[in-house]
Amino acid sequence: MKIALVIGSTISTIKDEVIRGRKLLIVRNADTAGKPTGEPYIAVDTVSAGTGDLVMVTDGSSARYTNQTTNAPVDAVIVGVIDSLELGGKVSYRKE
Amino acid sequence: MKIALVIGSTISTIKDEVIRGRKLLIVRNADTAGKPTGEPYIAVDTVSAGTGDLVMVTDGSSARYTNQTTNAPVDAVIVGVIDSLELGGKVSYRKE
Amino acid sequence: MKIALVIGSTISTIKDEVIRGRKLLIVRNADTAGKPTGEPYIAVDTVSAGTGDLVMVTDGSSARYTNQTTNAPVDAVIVGVIDSLELGGKVSYRKE
Amino acid sequence: MKIALVIGSTISTIKDEVIRGRKLLIVRNADTAGKPTGEPYIAVDTVSAGTGDLVMVTDGSSARYTNQTTNAPVDAVIVGVIDSLELGGKVSYRKE
Amino acid sequence: MKIALVIGSTISTIKDEVIRGRKLLIVRNADTAGKPTGEPYIAVDTVSAGTGDLVMVTDGSSARYTNQTTNAPVDAVIVGVIDSLELGGKVSYRKE
């Protein structure tokens, strides 16, 4: 799963009912300090995440395997909010 | 899902009946201002998008999970037209 | 789907019967003028494509969803021959 | 499967019960000497790996095919601890 | 499918019985002359390939679709040994 930072949200005109009913957040993959390093993309929120949260994103077909996205045409879903990351005994990121 | 800009269309000779019956658009992944940054690829349109639209593209196996692409050999589908993108309270893109 | 140029073919010793019975072409992803830009890879031909053709390649799990590759261990399949690409009203590529 | 080095762990707030019950490790893809070369990401541990271990990571949909991750929304799972890597008759990495 | 060069092998401690029973080779994606260009990764051998062989690798979910890897947590499998590659009428690679 990717370490990603939530940087914003999108409003879109969507036909699929599963996607339409969910919050769509803009995220960027991040390093272990929570600093964004990747290109922006859109992930379905399933954990009430918000801008500034560091989150865990599942992509590919497994994005359809949360109970909120079953069989939906989605390829990225936020499955967790990261509380802390620890590298070799030291905390590299902690949620404020 | 990718943020992508529709830049054109393609006419192709295709055997598969599901793909043949659908509009095939050329898109490029884009940043949060709607500026294209990625290589061009082809996505099946399911939302009546057109050139110049910023769209949401689902790729991989989930591209088969719209009701217009079920079990079709497609790996990228346009699932929404982006109306606006908001970063930290500011609108970074708005559809004209 | 990828825009790709067919640059050659391969002869390989293969156990799987579905793959063995099909033409295996070498392709490279290409830009909207048909110029190759990506690394070479192998795609199963399902549309009688040949060297020099610009084609549409479906990759990932959806490569198993043509009627010639069902349940085969393939991850890239040629699903169409591109006749023309049009960008903003101008033809950027036309098959000769 | 990827050759990856375990560099740390994460504590996250997760809804999905399958993921919540498992150890989530931070890994980076590595070369044949075990030196990390890729960006950090999160993988589900199924083999009691720890920081400093060189491991084998399966990603994509196949991450759901261990008996500990069946149908879970995960896209990367550690399926083995690498004991040694051998290149052309020479050992390039051996677990201490 | 990828064109890849077999550069070595790995011994790993693995729980999954399907993977454990198979030879795990280290490969790197290669160009049409057989020269390696990509990062090393691990692929399940299903065709009795060996170091120095140029092979055809299927990755992603389709790696589970050989009769030796059905439903196994693998994301890369060697499905063929490349005998020759031909580009525009000229042989660019031939197995010795």
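Residue numbering begins at 1 within each chain, and the chains themselves are lettered A, B, C, D and E in the order written.
Following the convention adopted for this analysis, contacts are C-beta pairs under 8 Å (C-beta built on N, C-alpha and C of every residue); 3 or more make two chains touch, one makes a residue touch a chain.
On a predicted model such as this, the values are computed, not experimentally measured, just so you know.
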Count the smallest number of chain-to-chain hops linking chain C with chain D, moving only between touching chains.
-> 2
Indicate the whole-number Å distance between the mean C-alpha point of chain A and the mean C-alpha point of chain B.
-> 20
Could you give the separation in Å between the centres of chain A and chain C, each centre being the mean of its C-alpha atoms?
-> 33
Touching two or more other chains in chain C are residues 60-61, 63-64
Arrangement of touching chains [line / ring / star / complete / other] | ring
Take chain D as the starting point, go toward chain E, and spell out the full loop of chains.
-> D, E, C, B, A
Chain E contacts chain D in the complex at 7-16, 19, 24, 26, 39-43, 51, 60-61, 63-64, 71-76
For chain A, which residues count as touching chain D in their complex?
-> 1-3, 29, 31-32, 37-38, 46-47, 56, 58-67, 69, 77, 79-88, 92
